[in-house]
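Here's a structure for you.
Chain IDs A, B and C follow the sequence of writing; residue 1 opens each chain.
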Amino acid sequence: MRLKHPKFLCFKDKAGSFSFILASISIIILFLIIVFVLNEGIPAFIELGFSNFLFGHRWSPYYGDFGAFPLLYGSILIVLGSLAISVPLGVFTAIFLAEYSPRWLSNILKPVIELLAAIPSIIYGFFGFMFLAPKIMEFLDVSMGKVALTASIILSMMTVPTIVSISSEVIASVPKEYRKASLALGATKWQTIKSMVLPAAKPGVIASLLLAFGRAIGETVAVLMVCGCVPQIPSPPWNYLEPVHTLTAAIALDMGEVSWGSLHYHVLFGLGAILLVITFIVNMIADFFIKKAPRGVQI
Amino acid sequence: MKTVKEKTVLFLLAFSAAILLLAFVAITLFIGVRGLSAINFRMITTSIRKGGIFEPIIGTLYLLAGTIAIATPLGLATAIYLAEYAPKGKINRIIVQALNNLAGVPSIIFGLFGYAFFCRFLGLGISLLSGWLTLTCMTLPIIVRGSQEALKMVPKDFRIAAEALGTPKWKTIKDIVLPTATPGLATSIILGISRVAGETAAILFTCSVVLTKSLPTSPLHPVMVLTYHLYTLLVASPGTSMDRAFAIALILLGLVILLNLLAYLIRMRYRRRWKW
Amino acid sequence: MEVVGVKPKIEVKNLNVWYGANHVLKDISMKIPEKRVTAIIGPSGCGKSTFLMTLNRLIDLVNGARVKGKILLDGKNIYNPGIDLTKLRKKVGMVFQKPNPLPKSIYENIAYGPKVHGVKDRKTLDSIVEKCLRVVGLWDDVKDRLQDSAFELSVGQQQRLCIARALAVKPEVLLMDEPCSALDPTTTRKIEELIQTLKNNYTVVVVTHNMQQANRISNYTAFLYLGRLIEYGPTQEIFTKPKNKLTKDYINGKFG
């Protein structure tokens, strides 16, 4: 009697089964990451208490204070600051690329934007540390240049390419027929873009903003070098000219110095777990919007 | 009047684009100008103990080589499976979803995972091998995504013609699909290399150390890399050794720009040829 | 070629159009009468759609298109450099071959044009929407679902929606590029009847490859072949006593 294989395992040749096994490694890796980060992080939540950890206001690991709230606040503060810069800049550039830019200019802009996306974060950190922070200190007359504003600016440089590349593709893929119809009714080019193209492209543009958020909040090295690493909530809370600390910077800074298995060690993994959850949620929402976007969009 | 509005809008949009160009130029000039004056042959070939940057360069190359050697076959096989064997269906969607999620994981999490799993759980310690494996996990989505695209662009007609002649599937893939998709596959590998070369957070505590006794002689040794070395130079001893810092920054920036331009050119050139 | 006795709304003088090196329209001159239906017939590829696009300067959007000659709308050349295109296209509306509703609700599709031209008052927009939908015979079908997406309508209804949309900006001229070619015979009849009623208030120019349709609905017919205007006159004459041999052959189905 012959055994029946489930349909998807019925390969015509061995190469198929072999590549299936290799392909499933991706699923295994993701699974392992979730398991191990949670496994090492949960002891921190248990020992400190979930709300003490998450909402505690003091982060002084060397004195035993593990309140993650200043870190969470710092992360969100600089990310929102970066979006305030990168969203208008990114969307406008995307519209320019998709609707107005002559071909020779697009052929310069597109590679430059791809390169901006590819520049390693340590280089951005270097640039922020050596150039931007001193300039901010000088021009805004503050006592230190490594503040939330600097981090936001650097983050916006790093995430603008995401917004531009996805948004410009989405905008360009809005069908020509709609534009012709709008122009035939007597609308100007900008009216067509504002009232017709952009609303049609909205889901894709929103997805790009979410992805930019996700990338910004997970950024470590660049932020580490320019945010100041002071775990505090600025006063007033929207003061971007004060140093802050972030989830990512805290993990990177402390990890080299903790002893394996200590509470501090588990706490760092706990921060990682928080970060992982935030990133997954943001990506899930972005996914939802991508599916609503016009066809042909790649992340 | 409408034309004034149109012109203002155009100006605003073009201005935004100009700011981006300016940002790129600023970074490139800032690093390039001082980096070029700081770097010289002696620095590259001298050990760090004597003020050079030789070990981090070699370390980065070792790290790159190993990661790509592992990640490329794995990534290719995954992409082939997704594009050729099961392009539709539930398993495909699960794998693609897993890859999309992996792509969104911050690199510091890969660092944490790498430490907990490869260094500790598997007992590999802070070593080149741990670094290879961690970075493979991180680079996999990039290689798979790019390769999948490249494979999808191979026209169906080629495959149908081969199968009509009775070629077994794996041979069709090996002799026809893969060679045709080579430019795209090469592009995805190049982009993977670029990502690994510039990575810092994922290697911070999985393979990289501040100082090694000598160059690693086995994969179980830790290694010095350019990215982490740059970090330590800036944070540990600010003010001194700025020349070395700029030199490293120049190497990294230059490498990344070259690799990405190469990938861009390959894509552009073959995009024209791909209009069969 | 002249049409005697009726005031011309549009005068085309020595119109030449090139797509790159391709000479697509060759020295066309004609007078299109006001408040009548003028049909443009001819085999595929002879330039009918191109001709239509010159009348509202939508040809400006085509890469590499060059236009020489004059087109006078109410005596003014629309190819003068100072011409306000938005005003032109408000006056000269267009309905396309394949229905192209905007990705918006039924209501918003019709309200889009007036809004673009500055109408803001909700009540005014409401009444425009209702009026235009009534004219095209869609009001009863859609009055309870104005907020539904325009794509939920059938193809025939979408085309009628597009006509209503064009009418909403109160044009004087209506250009229609093979408006029924994507539709079934029943819907085609409905739209042909609609066109008959429209001519009381608008100057209509219809491009069609369907000769029977031209015969049915138009007052004047122009026959284009390979970019040239071969013959132009009252529809009756063109179809029963064509003066040109080419016209005769085309009408008798000998080619095209």
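Keep this in mind: contacts are C-beta pairs under 8 Å (C-beta built on N, C-alpha and C of every residue); 3 or more make two chains touch, one makes a residue touch a chain.
Worth saying up front: this structure is predicted, and the values here are computed from it rather than measured.
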Message = Based on mean C-alpha positions, which chain is nearest the centroid of every protein C-alpha shown?
response = A
Note = Outermost chain relative to subunit B, judged by CA means, is C
Note = Here the gap between subunit A and subunit B, centre to centre from mean Cα coordinates and rounded to Å, is 18
Key: Length of the line joining the C-alpha centres of subunit A and subunit C, rounded to whole Å   = 50
Euclidean distance of C-alpha centroids - subunit B vs subunit C, Å = 55
Remark   = The positions of subunit A in contact with two or more other chains are 188
Key: Sequence positions of subunit B contacting 2 or more other chains   = 2
Note = Touching two or more other chains in subunit C are residues 86
Note = Contacts from subunit A onto subunit C in the complex sit at residues 177-178, 180-188, 191, 195-196, 199-200
Of all residues in subunit C, those that touch subunit A in their complex = 56, 58, 61, 85-90, 93-94, 96, 98, 100-104, 112-113, 115-117, 162, 165-166, 169
Key: Interfacial residue positions of subunit B with respect to subunit A in the complex   = 2, 5-6, 9-10, 12-17, 19-21, 23-24, 26-27, 30-31, 73-74, 77-78, 80-82, 85-86, 89-91, 94-95, 98-113, 115-117, 120-121, 137, 140-141, 144-145, 149, 168-170, 173, 191, 194-195, 197-201, 204-205, 227, 230-231, 234-235, 245, 249, 252-253, 256-257, 259-261, 264
Ask   = For the complex, which residues does subunit A have touching subunit B?
value = 8, 11-16, 18-20, 22-27, 29-30, 32-33, 36-37, 39-40, 88-89, 92-93, 95-97, 100-101, 105, 108-109, 111-116, 118-127, 129-131, 157, 160, 164, 188-190, 211, 214, 217-221, 225, 248, 251-252, 255-256, 260, 268-269, 272, 275-276, 279-280, 282-283, 287, 298-299
